[in-house]
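See the structures that follow.
Note that chain A is present in both complexes that follow, paired respectively with chain B and with chain C.
On to the complex of A and B.
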């Protein structure tokens, strides 16, 4: 609760000011994804800006999660998935043969739909990333990273007295914030969130949403959501996906108030989806 | 409102909730039938388990006690130590035959002292009360402690298996009369000694620590050496089958590409799990003994054969356990940039450990009870007659295993061996229980919530 009050002072959800012309962090050009014979993503072009929350919305099965998972090459783990086209992170093709996805994922962190802390202590959960990437030289530095990450995830006050306890013993909302802290701890540049609130109650959802708004100051955040209200509340840019195509992409305000495409309008007004 | 009658369910077309309809009755009947059937099945299983345990305990417990005859034996120095310097290696020249007359004399003297009349004039007939190994026992003790020479020392000598059987109810006067070895007069003497407390049944540690004995000395036979053989084999299996099996499971489940070749491997592993154990025995004979020239009857070879046999039993459940680790944990690890290796060894494997250990426990228990393949590589029961000379020697010196020892005893003619076979089963079950408890404790330590 303390954390909530703290974030309230910074910015209210929904009142996030539109950022002007941030530099492009991720550029996708002509991206196609195939699951076996199924053409899941069709020729998607998008420029995702830094220090911005970009929301992917669309009906179930529209490919928004699939596209998100292309951005840190999580689709590599699915044998039958094939990605074509270019995705550039700071101008470098992340699907280049020389790119090791492990290194990519250190820079592009991910938070999943279901909170999935490791069955280890809270401390070890957060410290895991810095440890495997060798970000620290000693225990003191690691302690600092853990504390800073937990603070960033608005979890420090609740977790500081139980760092040695298991991360799986926390509530759902706390677990998801722990996962955010874990992702943040590797000091990524981009944070991908795949429906991070869909398994949470409204209060926990509100906390996460405020957190996302704060994270925007340091990261490029991409969030997939089923909830249009959530997209409207947290994002500055919105992309609407439908049947594997990216139908429309633009400022969130514009997408929600004066969409150009009929399909976007239908979805937003609840006629499809 | 009071005028209106409340409509009865049947009148409005609804059926009353108070009486179940025919179909529901039938469904309920089926349910209770199945419950009875299930309960019956469980009870049957339980009944047979009780019968099994009761018969094992009833038949096997007597093997843990043994009948001893207490007599003072005079150890004359002029016969046992001719040089007189109490040198054990010198005294070794006097064989067990040199000790027999001493024991016979001791028996005659004891009967005279106790005022027991006996029809036996010859001490040799009287000595049939005792085990053939009694003289050897006396000799062993004298050689261990040469100071005993020249004194009269009280010895607890093993009674013969017939006398032992007489006190355990296995042998009676009628069967003795029919037999060739003892006469009812022997039993009279034994009864008289028993009355005076000189023949006694007591706990038989020798059964647990001793070696196998020849056909005519069942009273001396023990499971100690073959138990050690089993232990050495299990060490080999744990050292080889567990790491190889787990590594194979991890590779197949986490790293191997899905293609025809790995499919073929998979099918073969499943088939291997169903191959009769004796086939592994003949394979071991051909591969390890005839081809690789490893020593015959060695626990090392037995362990290798059991390793081959256990591998599929470890790999299959280990793969299932790896598969059961929730994908969210894998994603979590990969998502923050863990390599595949780190994902597997730092997250997936620890979470799969309890399941893997369950498979290991079961396969170890199976390996521990395996008999047939051991017989083919020469680990037959009667081999287990000498203790190995050291830890490493334990792997290569000829030995048997507990189940093979039990099988060996069950084949022998003397019913005294039959009793020991049951006793061996008790030791085997306790040994197995100990190994399993150890494994379960280990599994508990690995168990984690997520």
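On to the complex of A and C.
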């Protein structure tokens, strides 16, 4: 917020001031997704910037979650789903035959709508990723990763004395932060979040949003949200999806102040679109 | 601008009510300009008092509009064109309130001028200038409510004419004062009135700019024609005398 005081541009509360563009982390070119005969995503081109929060907004069924799930090949798990076009992570095609989807998902982490901790201890939840990917050599290193991840997820102070307790015994907001800690433990480069606050109360939501703003320092964050206020609060870039098309993509300030497309305007102002 | 209705119809009703109130306020301010100019020309002290009395209503409307807009922002969290509408209504209400104050000030000076010797021909030019500002205000409010950007642009450029009329009046009053120093007191008041009307024109221009902002999402750039040449004229008058 302090940085905002130095800029005389109209800023959305909570959003960072406009700075020079960050490097492109993910580039999508001509992406189409089909579920059987259903054409769910139509020819999407987008450059997603590193160290930036990008929000995908749009009505239910518009394709925003489908597109998000393309970014770490989650759609591979759906038999009838077919993805065409190119999605490049740091310039490399993630759908290339040589790319191992499991390795990819360590680089592109995901947080889901409902907090889904494993029925294991808080410690084991966070340690799970580093263990299966063999990221540590000994217990001390693993302890460090667990602590660092819980700190990143703003959960350390609440969890440090109950690391052996089950993750499922925490409150909803704590569980979601635990899932974020679990996602960041593999030291990913990108964090995908699919409506991460829709099951949380306003206080827990505010804590997650604060966390997202901090995560932006180190990660490329992409968030799907049904709350337009949330998109306005946490993101620097916003993409509006409608009927499988990406209608408009740009600076969040621009999208919420004066969008170019009539359909974007109708959606964000709550008109029948 | 988006002409589709909101899914929440109460939101539309709130927005319409705020704009209706703004237009009512605009009507009151138009009356204030008309009445104050007429009172000045015909030395009608009753009408001048009426203008001062009516100004209270204008102030009340401004306060109500500000409250309504604050409520709308708090409860509806408007974005995009809805947000611009709320912001521009507040700004315009502020402009209208200032124009109302200038009209009230004209009425006060009309009371004082009634006790002085009339300056021949002076009130006619002021009346013409007031008529021009009145027509501009009417067009600016029309442009706002109809989302008519071209009309708003025209209003914005017409302020040049008001500036030129003011310059001419300034020159005229200097001549009156030089011709007969007994005119000085009255001309000082008349000059303040001219300046007030010129300032009204600036506020009307600002209203037109808000109409442009509402429609386009962008404030027009500063490069509109201006013509305040009175600074040079004052020098000329001193040196030339």
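Simple rule for what comes next: the second predicted complex is superposed on the first by the 256 of 273 C-alpha atoms of A that agree within 3 Å, B and C clash if a C-alpha of one lies under 4 Å from a C-alpha of the other, contacts with A are read in each partner's own complex, and residues count from 1 in each chain.
Definition applied: a residue touches a chain if its C-beta (ideal position, glycine included) is under 8 Å from a C-beta of that chain, and two chains touch if they have at least 3 such contacts.
Keep in mind that this is a model prediction, so the values were computed, not measured.
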Exercise. Would you sort A:136 into first (chain B), second (chain C), both or neither based on which partner it touches?
Key: neither
Exercise. Look at A:72 in the shared chain and tell me whether it touches chain B only, chain C only, both, or neither; answer first, second, both or neither.
Key: first
Quiz prompt | Winner by number of chain A residues touched, once chain B and chain C are compared | solution = B
Quiz item: Now for A:22: first (chain B), second (chain C), both, or neither, which partner does it touch?
Solution: neither
Practice problem: Would you sort A:218 into first (chain B), second (chain C), both or neither based on which partner it touches? | Solution: neither
Quiz prompt | Parts of chain B lying in touch with chain A, wherever the complex brings them together | solution = 258, 326, 328-339, 342, 347, 351, 448-450
Self-check item: chain B contact footprint on chain A (complex, rising order)
Solution: 72, 74, 77, 79, 102-106, 109-112, 114, 116-119, 128-129, 132-133, 166, 168, 179, 182-183, 185-186
Quiz item: For chain C, which residues are in contact with chain A within the complex?
Solution: 2, 4-8, 11, 77-84, 216-218
Quiz prompt | Residue ranges of chain A in contact with chain C within the complex | solution = 228-229, 232, 256-259, 262, 265-266, 268-273
